[in-house]
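Sharing a structure, written as structure tokens. Questions coming.
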Amino acid sequence: MVYATADGSERDRLRVGMVGGGRGAFIGAVHRLAMRLNDRIALVAGALSSDPVNATASAAELGIAPDRAYADYRAMASAEAARPDGIEAVVIVTPNHLHAPIATAFLEAGIDIICDKPLSTTMAEAEALVALTAARKRKFIVTLNNTGYAMVRQAREMVAAGELGEIVAIHAAYIQDWLTLPIDAEGQKQAEWRTDPSRAGESAVLADIGVHAFNLAAFISGRQAESVSADLFTAVPGRRLDDNAHLLVRWVDGARGTLIASQTSPGHYNDLSVRIHGSKASLEWRGTAPEELRHARYGEEARTIIRGGFGSAGEAQRVSRMPAAHPEGYIEAFANLYRDAAEIIRAHRDEVELAAGRAAFVPDVVDGARGVKFVAAAVASAKNGGAWTPAAFDQT
Amino acid sequence: MVYATADGSERDRLRVGMVGGGRGAFIGAVHRLAMRLNDRIALVAGALSSDPVNATASAAELGIAPDRAYADYRAMASAEAARPDGIEAVVIVTPNHLHAPIATAFLEAGIDIICDKPLSTTMAEAEALVALTAARKRKFIVTLNNTGYAMVRQAREMVAAGELGEIVAIHAAYIQDWLTLPIDAEGQKQAEWRTDPSRAGESAVLADIGVHAFNLAAFISGRQAESVSADLFTAVPGRRLDDNAHLLVRWVDGARGTLIASQTSPGHYNDLSVRIHGSKASLEWRGTAPEELRHARYGEEARTIIRGGFGSAGEAQRVSRMPAAHPEGYIEAFANLYRDAAEIIRAHRDEVELAAGRAAFVPDVVDGARGVKFVAAAVASAKNGGAWTPAAFDQT
Amino acid sequence: MVYATADGSERDRLRVGMVGGGRGAFIGAVHRLAMRLNDRIALVAGALSSDPVNATASAAELGIAPDRAYADYRAMASAEAARPDGIEAVVIVTPNHLHAPIATAFLEAGIDIICDKPLSTTMAEAEALVALTAARKRKFIVTLNNTGYAMVRQAREMVAAGELGEIVAIHAAYIQDWLTLPIDAEGQKQAEWRTDPSRAGESAVLADIGVHAFNLAAFISGRQAESVSADLFTAVPGRRLDDNAHLLVRWVDGARGTLIASQTSPGHYNDLSVRIHGSKASLEWRGTAPEELRHARYGEEARTIIRGGFGSAGEAQRVSRMPAAHPEGYIEAFANLYRDAAEIIRAHRDEVELAAGRAAFVPDVVDGARGVKFVAAAVASAKNGGAWTPAAFDQT
Amino acid sequence: MVYATADGSERDRLRVGMVGGGRGAFIGAVHRLAMRLNDRIALVAGALSSDPVNATASAAELGIAPDRAYADYRAMASAEAARPDGIEAVVIVTPNHLHAPIATAFLEAGIDIICDKPLSTTMAEAEALVALTAARKRKFIVTLNNTGYAMVRQAREMVAAGELGEIVAIHAAYIQDWLTLPIDAEGQKQAEWRTDPSRAGESAVLADIGVHAFNLAAFISGRQAESVSADLFTAVPGRRLDDNAHLLVRWVDGARGTLIASQTSPGHYNDLSVRIHGSKASLEWRGTAPEELRHARYGEEARTIIRGGFGSAGEAQRVSRMPAAHPEGYIEAFANLYRDAAEIIRAHRDEVELAAGRAAFVPDVVDGARGVKFVAAAVASAKNGGAWTPAAFDQT
């Protein structure tokens, strides 16, 4: 069998810098693994920590030249913009509340953005970022990374091709256990900032993981949320923000559904799932078994499509590196996003035509803003007795 | 290994009659399989069909003596009450709207009741049945049959013993596919009456399967619903009642959750599930794999308890017939309910003390009324824009 | 949906007696549950224990008339043969070494046989039973009960219809854990006789569970064993017979495979499985999830056929009582065997034509003898350094 | 939660070259993805194809300098050995029959070896490589890559710690479907050389995948094969080598088991599994769900250990990059092997002490030779009627 194991042989790599992600950070290291896998990206600059000592040491470990190890992101933006070999894009992996000011600084310096989710902690920031991105004609990618999974992309294509018929119901969930105990009150770093309203936003559980479930549902279904009715609550006494969210959602074009986010559910490490029921067929995907896509046509027994297998097609085949049942995982999916990001940014910079349809699989600043809007609507609904609250965000 | 395969050797069987369940009916035959398995019950009378020819022929097939094959349930109630060897209990397996009048007739005749769910189609009927049962000091069992599964009973015991800590979240669902197409409009008998407001009640999907999910969640958690916020809708154009329900639920004592019922979801034949998250552990059970109970304590890997296996205990052991991994299923669970029903009714009739705790595992008329109340509250909430609506029913 | 929930309404029940199966026995109670489910069989006589007190008490519990509670099977055979309402068939559920003498006594009395597996502990006995059954023109059914599962029967039909193409490989296994510790040495009754050469035969693990795996493989594949190469061993020091068997098997018509039987494997309560690979497709079935049949055509994604679901057909539909995903289990499968047994025996007694193909699903004395031959061949191979040893038994 | 997501920040990378792996090759690209992930290895030279045009073009795509793109591996070995910045190790990813001559050339040039499996196609070659490696005091790593999985390493540690008690049975299997049709006869490149005795060796299915199953069983159990009884056969008419192998295995220290390898089994893409039963507990691991390790202690319910989760410990934690349920897969496991390989080779070259126990997780030339010996013994057994044949290889 001849497999499409292309390993990214092209040598002209995109030059990127990183803000955040120094020693002790979690997600920055994940981004670096992902950008490294396909060898399309060179990490050449960084403001890796707000602590200058950590910033310098972290940069050295990563092989970043000392003169491109910055202590401040503003200095980095202006210095890199001035260099002939300056970075083409910046990767933002800081706590949530810093996404908007950092992205703003780099957009204004003419540098493209690759930003972790959520886009921002307020709608005002999100709207400003959408407007600024458009005004500066820059590329702005939000690493809602589950969109990188081959089977997620195949699911999106199957829905778009009408294989499910009319979409009737969409059920999404992201269930974790890591905040079951009050570790935020005990100073655990990752927990501490994620449950701090000043850094995480108005909702902890929705900003941290709910947006992943929402984005995944929107990405696969090809639909946007219309309105939401929310019940948000805090299971652990003394926690400053919610840690559980139960939502009813109505989607544009008539589908309805539920969305659950929890960080206090024993037995669920990172249990992200989406289930879509249509008038002709259903699809189900889980992040814990990402190589599988359950597909049930009404009137037939369900089958499980395996990435790389006989039922795997189109975009899923394009992004597969391994044959079926040599499992790809989280890093590979994240790397798919980075490979596409590099291609999109480079094509834009080179004023070259991008392959048809390629950009559709990569979340941009508008998708990021939709997530922020969804969270804001849910918070408003919960405060208002669960009243149905508009949740749509459309680019103007 | 010595297994508790007691097969019900006692010979003094409870005498019962059946209303409904003639040729062509579905659930009546299921009840008969269930009552037969343990040999504690003798079916000796019946008004099996409203069609006299069918009633007579159905009775003959079942070995019911011709003089005890009735064409009318009222005639049956009075005639059986007058016989020295008359039935001790009646099994009601008619469409929903007939449950209340039939039960009323037999209660008034001094005959105990074993009634299929839902108890009734209106709260007024439910309340009247609760009151009449108390006034006549009769036993009234509602065959919410999932309570008969060994692993469901073990789950209830584990919650009651505090193994989950504080209950934080309860998610229940019952997902089917059999109404994906408009078979009710095409005259399919089972579909036709279940989607007819005059026979099914105000909600089809909740009365038919939602009450199972609700009862299961209440039974395992040992809690009652406090209020509900509902989104009910009809996926199939032209259908007279809803076929999908998405609910947020708040439970007494602080737990919150979701409840989903659907009859238009391809890929799900009879997918009943409940998941309960506590401050110390979680439990998950599915009707499609009823021999398993997933149990995850925070801080440990999840384990799957198998009926009859090393983690199986207490009530689960009592009701097991087979060793682990010789699967028991739907009929066995239903038979557990019938075995208990026979014991409860007989003990009551004989004025004998029932084994401690035995009655707690068998849904009664109050549990049935709670289901009717829950459905009514959900219907009211949906009509009122999803407003939180009180859903509790307490016996006065 | 209209389901085939026929609950066996016919009233003229087959009269049977039972030898073995008194208080404290395991498999006798299972047989009684199975024969009761479809109400086609009446248990009216018994020699339930070799201990007269237990025999009498056990019979009383089961409602057997005192004059038909025998202390000795020979007395039972002659007395019942002499009664006008005497039993038509006897169910034999004793330890293995008694199967042959008991069956012989009843065959000679003109009574049909329903015998637990293995047919006997020696080939001489097996051959004699085959010959006697033919000479007396009696029906002799061996309760290799896994043949009663709907999905097992469907698998057999799919192979017979050529859906797998040429059969290439057959892998069967029956893995248990219950003899992991030396409970036989500690006097546990079930363990004690099963590991005693004088009562179990030359191999414990093959006689007790290996024959189930062998029979299942033969039943589904429609093939007979040609030869076997065996490695038998005893994991627990001091045990008198083997508790593990690893076999290579060559089947008539060219398929090859493996067969594993173990009673000392932690984590496996009753893990019976068979996997058949053909040139066009594969099938896999497991006793722990008996409602599912995995079916993979080369070039397509695998699908899981669910009993009662869209992929369920033919014989599987005929024997289904419940709709899909209302699980049927071990008792239901055993009851299917009993329903067929009653029909076969009655048709034979009444000299009525049996429904075409019906007998093919029910193991008879020849199938039983094939299992005995297979065990004997494996024992001989193991003693002879694993040499390939003929394993076929054909009715002459 | 603080995760061990170390992304290989050290900058001094091991310099390696590659032989084989040019355009159109499968496994070479996989090796490159794996060596890239942790950024410890620089691919700086190559003889990527025996076709000079392909060799040059492939090297250019990979950023290898033109003067280090060789057309011949012997030229590469001598040229690189002469350079001050020459490669420290060579990666051999050619067809099987070339492994030995290429490895010999580089060993003689003082260059360390990272070689794909099987080590060689004859025992004479394997023994010579073992001897030469020892004589030249070089490191020789065989990429039996499943040893890189975190849960495989944890399984090995659990066995070594005595958690399973005495090892009783070991069952390993590698089942594929890709040779179900005669694609080798139709010229498919990967199939063609793998079924050619002159390039694959005496057995296709064992050399290609059986050695993976054998090595995995040996690695986890910490045991070596003592003898083997084999049944090898060819399912597809006209194929030049076997495509199915059914083996009984006896292991040093008393364990026994089976090993199945098949490339003609529909429904199994790459189904590698190992199951080990001990006197106290069992372990089971599957390559299709590599993040999970099923662990069943006798007397307790089975639990599934998840990489990164609460039951994950020791070596598994060390090699985890992602939190639990953000799945790692085949590339990550392969990358673990490369990360260790780089550390082992570098420490040896620098005459630095390696971290204790590190080398034990990485297969070396002796492990490779054991696989070759196992294949040779199985072939000999099959030719000799399945006679038990010694299969052990011990370093002298």
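Residue numbering begins at 1 within each chain, and the chains themselves are lettered A, B, C and D in the order written.
Note that a contact is a pair of C-beta atoms (placed from the backbone, for glycine too) under 8 Å apart; a residue touches a chain by one contact, two chains touch by 3 or more.
Owing to the predicted nature of the structure, the values given are computational and were not obtained by experimental measurement.
Of all chains in the assembly, those touching chain A and also chain B are C, D. When every chain is reduced to the mean of its CA atoms, the largest separation from chain B belongs to D. Judged by contacting C-beta pairs, the busier of the interfaces A-C and A-D is A-D.
Separating the centre of chain A from that of chain C, both taken as means of CA atoms, is a distance of 55 Å.
Averaging C-alpha coordinates per chain places the centre of chain C 44 Å away from that of chain D.
For the pair chain A and chain D, the distance between C-alpha centroids works out to 35 Å. Among the residues of chain A, those touching two or more other chains are numbered 268, 302, 306, 309.
Within the complex formed with chain B, the residues of chain D that make contact are 299-306, 309-311.
Chain A makes touch with chain D in their complex at residues 1-3, 5-7, 9-11, 24, 26, 29-30, 32-33, 36-37, 39, 61-63, 178, 188-191, 268-271, 287-291, 306, 308-309, 321-332. The residues of chain A lying in touch with chain B in their complex are 166, 168-169, 171, 177, 180-181, 229, 231, 233, 235, 244, 246, 248, 250, 256-258, 260, 262, 264-268, 277-282, 284, 294-298, 302, 385-388.
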